[in-house]
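Shared chain: subunit A. Partners: subunit B in the first complex, subunit C in the second.
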Partner chain A sequence: MKKDKVSVLFALPGGIIYTVLLVIPIVLALAISFTQWNGISQIKFIGIENYIRLFSDSRLSNAVSNTAIITVVIVIIVNVFGLLLAMLLNQAGKRSNIFRTMFFLPVVLSAVAVSFIWKSILSYTGVYNNLLESLGLVGWINNYFGSRTGALVCICIVEVWRALGFHMVLYLAALQTVPQELYEACIVDGGNAWDKFKSVTMPLIVPGATVSILMSIINELRVYDVIKIMTDGGPGYDTESIVYNIVARGFGNNQMGYSSAIAVALFIVIGSISVFVMNRSSKLEVEL
Partner chain B sequence: MKKHIAWYITIVMMVSLLAGCSSATAETTAGTSAATAGEGTTAAATQASSTAAGEDVTIKWGVYETDNLTAEYYAKIIADFEADNPGIKVERVIATGDDRGSFWKTMYASGSFPDVVMEAEILATTDGIFAEVPEDILANFDSAALCTYNGKTTTIPAMKQLRMQCYYNIADFEALGLKEPKTWDEFLAVCETIKAAGKTPLICGGTGDIWATGQPWWISVTNQSIMNAYPNFNEDIVAGNVKWNNDALVKSLTVWQDMIKSGYYHKGCMSFSYSQAAAEFQNGGSVMMIDGSWAAAGFDGANNTDFGVFAVPNPEGLDAYCTAVSYWGVAEQSENKEAAFKFVQYVLGGNQETYKYFLSADGLSSTTKTPVTYDQGPLMNKFVSNWAKSTLVPEITKVPGDYAMPNGFEAYICKSLQNIFTGSDVASELKAWDEEYAMLKE
Partner chain C sequence: MKSIRKVRLAYTILQNVVLAIVALVFISPIYIAIANAFKESSLIQKSPLSFPIPILLDNIKRAFSTPGVNVGKMYLNSITLVVCATVLTVIVSSLAAYYMARTVSVIGPKLRIFFLLGLMVPCVLLYAN
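Entry: the complex of A and B
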């Protein structure tokens, strides 16, 4: 009983911060999503009009499409290549620390700084095109930010570069929990490398993979900073994401109610996807 | 003992939590941020530190910096004012980035709104942000520049900006035997000649600054075409008598898109910020660039005589131009309104030399009842003389007051113009303008 009281007291500061900075804003956003409010003047209750508008807003549809493309591409790449890199690092022995540091470095860098640097690299007059020109590959020079496809590819490159190291570390940690005896047993049973991966590695890293996949999905559904710096949602609206749309509607168009509705909808989508992924993965988990 | 230690640590953590929650004072530099909506309270206490009688009053001045409007520029204006007004201190609050409207709104929502704000017209359509301007201050300004919002005058006209013309590299023109074009056909011929010589005729900014893609064309050509077709466009669009998807607008933007498809624009436009595009132009990346009067002031200030300027010929042969008036506002919730209005009055005409200095950096014109003029450089004089016989029309997206564009619509137009630049169908884009306008007007 006394231990419980002390535990609660220790958890209280964190709980207060969590409530004030997370729970209350979410509840307020939910309340504001049923209103028409410019952020300054009086609030006017309008029921579910904002939610009805979600389905007829072509600019939002475009943002959803962009976000979906970025999310699918990034989730696949960082998880597949993150696992591959982790498996290689797991075999690297003493040198694994150096490689782990190198791959993890982009994760700790500021997203804004990274975006500016990559933007200057991929700009029409940037480092990459200049390199191509100096190599005589003039035909390969392109204006990557001049089209939707090019701009989305640039954003995906930066996001992969930033996130790969983090997911590699998650998979590495998961790989290091797999008992070596199981691999030996597999070899004794006549299994090859693929059998070891399929029958030993994959089933036992499901918890780690779940975390990695879930985090990559959540992060990419909320992508904003890289887009804001690199393309500002452009050209036009071609790379606007859902969160970019939320900010533009809320602070650019003074549509706090509508932008809150989009934010609540995104919150529900992310929550639903999280529950789905965790449910599915729990069925795939194997206990030793 | 352990229990006492546990209590002690808990109390220390609680105190540190509360200590970290002190109210922030506005910083002199702040970036735009994706602040969560719905903070609840609308009361915005300003950052002016009103102290006891006899001590200095400090007011915050919300500004933005450009290549011409530098930290030193603002520092001199502030120093002039403070020297003549002991007891009032002025601190700058710099709106970084291009989206100054969102920056000011964020500051207002967070309770950090400056006492005096430049480009106040962005927020002036919303009641309660700016204080009503005293009549004795308004009396100093040209009545044509004054505007009302819901019957109240809450902004002060600070300066008038002659809008955009086409700058060109004189050496390139001479080498290609070109003269300043006076008609649309001559302008197209100039573009074709430059392109045939293996050079790039035009350049503009792109994703770095959304306005820099389409607004040069919009301001120098399209605006005049719309005003010619619909002389009361702003009133008509508010009343629903005209749509954005109209023949005049489709025609003008299609002409622009045809120029882009003809390869008259730099291939890398979408990669550039406005500053990068301007630098690329000055370094020979293109022969021409449609830009604002501030560029002429910048060239004159640097004694750069490599560039000339001409008014962009209109495809319909119209000889018209537009100007934009920019306004300052004093925050309704400022605790030092008197000092704030004093500052505004001083800079905007109260001290003629300070006002001239304020205007000259960007090649701006005065809005005072008695015009304030100053010596301008040769390129700026040429810029002004290019329109000596032209007709002045309003700039649709900059009309202030009750017929102003809804918040966010100008940014929407800029983004849509980028879509058109990259090949979207003009009519489809303009249909979306009507839908967006209707939504934002609500």
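Entry: the complex of A and C
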């Protein structure tokens, strides 16, 4: 009993830092979200008016649909291809180290640097268009940031490039925990490659897959830096994400109360999606 | 027996080719960025993929000599931040993780959810104040 009391002190520094830096700002943001405040003048309490406004805001609903598109596309691509690459690398064994390093390289670069690199490639006067011109494919030259679809595709490409290596490593770690005997047992039972994947690999990597899927959902719902640098929300407000919208509203238009309300709503959405995914996956998990 | 070995060899080759192609796609943006850092802008327009010959250091010099942009100071800021944050994180989080992993208590799982909250918070929520 006494031992237990001593050891709870271990968690105390972390708990205090977390409370000061995280819980207090959240509570403050929650308080601000019920007010009308431009950051400078008197704070005016207006109840849930900010939250009612959320549902009739066309600029915000556009940002929500952009974020949803980006999240769905990235989560599917990154997890499917991350798993495929991890399985290829896992089979390749020792030879795969060089490939692993190459795939992981974009992860260690900062998002800002990555965005500038890709902007210099994909912009109208960028590397890709120059390349098309020198190949004589003048008809393909396009201002990709000029339309909503083109800009969203560019953002998705950059996000995939940035995230794939990380998720590949997560899947690789999960694959390496699968015991080899189970594959042998599957062969003895007359299973083919698909059976091995479906009945051995899939059930056993559920914990790793959960972490990967959850992290990709959370990260993409909070997408901001790539959009800020690549398109700056443009053309118009067409490629804004939710977080971009929050920052633009809060600091650009001085609507602190309203932007806090959006942030709190986003936090609740992310929290409930996380709980849902964790619940679902714990049902799929198998005991070895 | 021989045909099985042949199939397996073909599979290995295919696997490496696929990996190599994907790796090439992954590396090329980084190559473009590095190569173009050493080129004149007219050469970037003309042949964006070529190797920088001659290697031009003008761009690098300009980055270090632009007035108002003190690269050394920027690095110092980043390094200070990284060192402080890493030291603090390692100490604090290993202590907390030790408690959660080693003791069976009611608080442990609750604390884990509390810490997981930090991942879900949109960072902008914290700047607003």
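The rule is short, and it goes like this: the second predicted complex is superposed on the first by the 279 of 288 C-alpha atoms of A that agree within 3 Å, B and C clash if a C-alpha of one lies under 4 Å from a C-alpha of the other, contacts with A are read in each partner's own complex, and residues count from 1 in each chain.
Here is the rule we go by: contacts are C-beta pairs under 8 Å (C-beta built on N, C-alpha and C of every residue); 3 or more make two chains touch, one makes a residue touch a chain.
Keep in mind that what you see is a predicted model, and the values were worked out from it rather than measured.
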Is A:V108 touching the first partner subunit B, the second partner subunit C, both, or neither of them?
neither
Give one of first, second, both or neither to describe whether A:G252 is in contact with subunit B, with subunit C, with both, or with none.
first
For A:Y18 in the superposed arrangement: first (subunit B), second (subunit C), both or neither?
second
Quick check for you: in the superposed arrangement, does A:A263 touch first (subunit B), second (subunit C), both or neither?
both
Going by the contact rule set out at the top, does A:L135 touch subunit B (first), subunit C (second), both, or neither?
neither
Given the touch rule stated above, what does A:V188 touch, subunit B (first), subunit C (second), both, or neither?
neither
Would you sort A:D232 into first (subunit B), second (subunit C), both or neither based on which partner it touches?
first
Partner chain(s) touched by A:R222 [first = subunit B, second = subunit C, both, neither]:
second
Go through the superposed model and pick first if A:V243 touches only subunit B, second if only subunit C, both, or neither.
both
Touching subunit B and also subunit C: which subunit A residues?
10, 13, 17, 25, 28-29, 32, 125, 224, 243, 246-247, 250, 256, 259-260, 263
Given the complex with subunit A, which residues does subunit C contribute to the contact?
15-16, 18-20, 22-23, 26-27, 29-30, 32-33, 36, 44-49, 88, 91-93, 95-96, 98-100, 102-103, 105, 107, 111, 114-126, 128-129
Of subunit A, residues touching subunit C in the complex:
4, 7-8, 10-11, 13-15, 17-18, 21-22, 25-26, 28-29, 32, 85, 88-89, 91-92, 95-96, 98-99, 102-103, 105-106, 109, 117-118, 120-121, 125, 127, 130-131, 134, 161, 164-165, 215, 218, 221-222, 224, 242-243, 246-247, 250, 256, 259-260, 263-264, 266-267, 270-271, 274
Parts of subunit A lying in touch with subunit B, wherever the complex brings them together:
2, 6, 9-10, 12-13, 16-17, 25, 28-29, 31-32, 36, 38-41, 53, 58-59, 122-126, 143-148, 151, 224, 230-238, 243, 246-256, 259-260, 263
What part of subunit B is in contact with subunit A in the complex they form?
3, 6-7, 9-10, 13-14, 17, 32, 34-40, 42, 99, 101-102, 105-106, 108-109, 126-129, 206-208, 210, 213, 267-272, 276, 280, 285, 406-409, 411-412, 415-416, 418-419, 421-422, 424, 432, 435-436, 439-440, 442
